[in-house]
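By written order: A, B and C. Residues from 1 in each chain.
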Amino acid sequence: MNPGYELPLDEAAYSFGFLDEYAKREVRRAILKAVSIPGYQTPYASREMPMGRGFGTGGLQLTLSLIGPGDTLKVIDQGSDDSVNAVNLRHFVELTCPGVDTAERTAEATLIQSRHRIPEAPLTEEQLLVLQVPYPDPLVVVEPSEGKRKIMHGEGDYSRLLTKLYEDIVQFDEITISHRYPTRINGHYVIDPSPIPRYDVPRLHQSRALILFGAGREKRIYAVPPYTVAEPLAFEDVPFRTEDFREEHGNRRACARCGAKDSFLDEIILDGGEKTYQCSDSDYCNQQLAMRSAAVEASA
Amino acid sequence: MNKILEVRNLSKIHGRGCPQCFDTTGPAQDTNICPHCGSVVAAHDVSFDLYAGEILGIMGESGSGKSTVVKTLFFDETPTAGEAVFFDGDAQYELFSLNAAQSRWLRNHRFGMVYQNPHLGLNFNVSAGGNIAERLLMSDIAHYGEIRSRAKALLARTEVLPERMDESPKRFSGGMQQRVQIAKALATRPPLLFLDEVTTGLDLSVQARILDLILEIQQELSTAMIVVTHDLGVIRLLAGRTLVMRYGRVIEAGLTDQILEDPQYAYTQRLVASAL
Amino acid sequence: MGYVAIKGGGRAIEGSHAAVEALRAAEGEAGTPLSLSTIENQLRLLTSRVLSEGGLYHPRLAALAIKQFQGDTLEAAFALRAYRSTKPRLLETPVQDTSRMRLIRRISSAFKGIPGGQLLGPTYDYALRLMRLDLADESSEAFRAVARRFMQGVPDTALPDSFPKVVDALRAEGLLPPLAPRTQEAFDITREPLVFPVPRSAALATMARAETGSLLAIAYSNMRGYGDVHPTIAELRVGYLPVMLPHPVTGEPVEAGEALITECEVVAMYEGNNSDGPPVFTLGCGACFGHNEVKAISMAILDRALQKGMRDGPRNPSEDPEFVLLHVDGVDSMGFASHYKMPHYVTFQSDMDRLRTTQSKAKASAKGVLA
């Protein structure tokens, strides 16, 4: 077509954090708005990242706009630091953010980007959690039109969503929403807390850490600021329930590796067909294991 | 008697409108389409009062503007001009100057609407009980058991079998669907109810039972109602006072008995004569 | 019992990259690597598609993306977009005048004769889709002779530099409404998210970099009957558009380069007379980078359908701005389809928890009924 076109310079010319500075500034502005209006889905012009939409590009734009030299980043997917997508995202940040440390220990991280889990270890005021969001709007199950949903959010009209819960109980005697459990923030906006299990939803309530949600494909950013009320939608007489990890006799299952009885468990089918249960949060599992072997050594 | 609603000079034009619209339409001109700009004058200069516990009938053929009046009052349509004040105890609302949230609140809490087409009033994707639950949930009732028992009681009152409350209204007969709509409209015990051709298209026996139900409810709850219909029989049975509309204008207004006994206008006379 | 952890992710990714790279070179010793100029020239329609869907006019970079992603248009367009994310926006392009295009092709299906004449140019429209087996083992000599022969046959009479636009003639005759004055700045979809309702310029920009197949599918639904645009192509033109930018010092427009684009304007039947004045035809406009006629036509039809939907409310999917604009982006849709391949262990655990609980409740109540 047009001869004489030069190829651009190599990746070395990418700026810190990949995105150009204008883009980062815009994301930061959206973050400020999101924090100021807890639970409000702030639109922003999400940029294309060099990984697929749906692979955490919203979370990544938040992370890249917030991170600086001196920060320590932890990236997890399904609770694990070593799953393919977490490795990929961490690698990308290492490549484009020189001077940033990465860590697997939850306690060591200043910034945690996660998909589908909130770490088991309680977060602190000094930490920031970024969650990757595929669908930002909890009303999408009852109203496909974005224009109408925006009005419903503005007026705090969640009756159709609550009617869905009512219908669930009528039909199944249970609320059947498994993850992405609609949660009301600060008494007004109901959010989709990203596909975290119900087990993690109570961790949003009065969290000490700022929790940010980034939906790259749907171009929305929202926040649960520190010390904010977060209530999962439920009825007064049909309370919200988290995942049940009791076996048939009613005893809480324990992690087969570290023995923890207070963590979200992955169910694993072994080659022989029998099942085993292990912590989904790999760092938590390692910490528990270390504490246990320390205790064994101390008593020996 | 306490006034509950005051409507003054309500007008609604579909289209862009022009200065000649009102002069060139109406019963005298025998049309509601403005010959200058092609706009439809659906209603013009409609004024009336409604008192607590009263049933007002609005009668006319299709295109007379009778449905337009209730649709603007229920915020389904925006009027072109006019005023309407809703008196609710000590509160008083200028209906046409409320913001979206205020009008939605009134719709959900203080007004009820029963449409001719049940698809407009009911959500067919949820059960009959769920339809009533939705309205209760709008009024911040958050106790499942209470919602359930109130929905059951409302459906029982409107003679829908409680065993069928968990079914979708899709599977109900037309008469049953109207009963569910009435139950839903009554869920918040609104002081004002709009009924738009609620029995049109139903079998005569079904019509009669629904009309009886509406009368009973009005007597039990003293709900004020505006009943829109083209059916003289409905007017005769329900309405104490009646407006007759033609081409967007009120051509006759007064006690129903008087209008039926001694219609003043040729149009009303023809209507009455044809029904007798 | 061993620990079944999600481990070794890093090593797996490295291995997978090596494997896919090996496939790129699987031809082995006999193979020669594709040169970017080969891709850009011999796969020019593929390059066109990637350019327009990537939303970045850089044919050579597009050729590189095609090579790197082994011909996957979605991935290649995606790479261009991601590259673009790293670049600041230095200025806004003013409105460009497409009547100044240096054309290689322009046709009108509305009139037999149009000012400047029809110019069929390069197209497969009237080619017989028979396999040309002689191309299977084409020699370099034969290949080079093609262009030489064509250039020898070119008559000396030079084509005019530009052609008048057909819609201008329709406008002059009063069949199309006069150009409305611009009341607002063009919407920049790379800097602002779509929050509905959106202006027409946002719709046009979104469609200009939409995935060709998605755009075609929705436009086709309108053509078949889920809609009623019934378009006539007033003009379809392909050529090089001189890109005019303000001079950094004087501010005067100067030609910064040229871009190959395809532009299509369709005329559709008039609608009910909602405005003052006599009824007129309505216009739909489509334009995209590169040579991609199906995309430009689809876009023009959808532009017309969306204008109707924005005015009267959508009566079918192709008239619904939300439906069309949120579902035609290739980067968004392919990314989300691909993300389902990622682990969903935690959410599936939650799903199973709900199913097991409701199953056991159903069993318990069934027992209760029996007892």
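In this section, a residue touches a chain if its C-beta (ideal position, glycine included) is under 8 Å from a C-beta of that chain, and two chains touch if they have at least 3 such contacts.
These numbers come from a predicted model, not from an experiment.
Visitor: Can you identify which chains form the pair with the largest number of contacting C-beta pairs?
Guide: A-C
Visitor: On a CA-centroid basis, which chain has its centre farthest from chain C's?
Guide: Here the answer is chain B, farthest from chain C.
Visitor: On a C-alpha centroid basis, what's the spacing between chain A and chain B, in Å?
Guide: 48
Visitor: Would you kindly tell me how far, in whole Å, the mean C-alpha position of chain C lies from that of chain B?
Guide: Each chain's C-alpha centroid was found; their separation is 50 Å.
Visitor: Centroid of chain A to centroid of chain C, CA atoms only: how many Å?
Guide: 33
Visitor: Over in the complex, which chain A residues touch chain C? Could you list them?
Guide: Those in contact with chain C are residues 1-2, 5-8, 14-15, 18-23, 26, 43-50, 52-55, 57, 77-80, 82-88, 91, 115-117, 134, 145-147, 150, 172-174, 176-180, 195-199, 217, 219-220, 243-244, 256-257, 264-268, 270, 276, 278, 280, 282.
Visitor: Given the complex with chain A, which residues does chain B contribute to the contact?
Guide: Touching chain A: residues 100-101, 104, 123, 126-127, 129-130, 133-135, 137-138, 142-145, 147, 166 of chain B.
Visitor: What residues of chain A sit close enough to touch chain B in their complex?
Guide: 151, 154-155, 157, 159-160, 162-164, 166-167, 169-171, 235-238
Visitor: Which residues, counting only chain C, touch chain A once they are in their complex?
Guide: 1, 3-10, 12-13, 40-41, 44, 47, 58-61, 64, 78-79, 81-89, 189-197, 257-258, 260, 322, 326, 331-332, 334-340, 342-347, 349-354, 357-358, 361-362, 365
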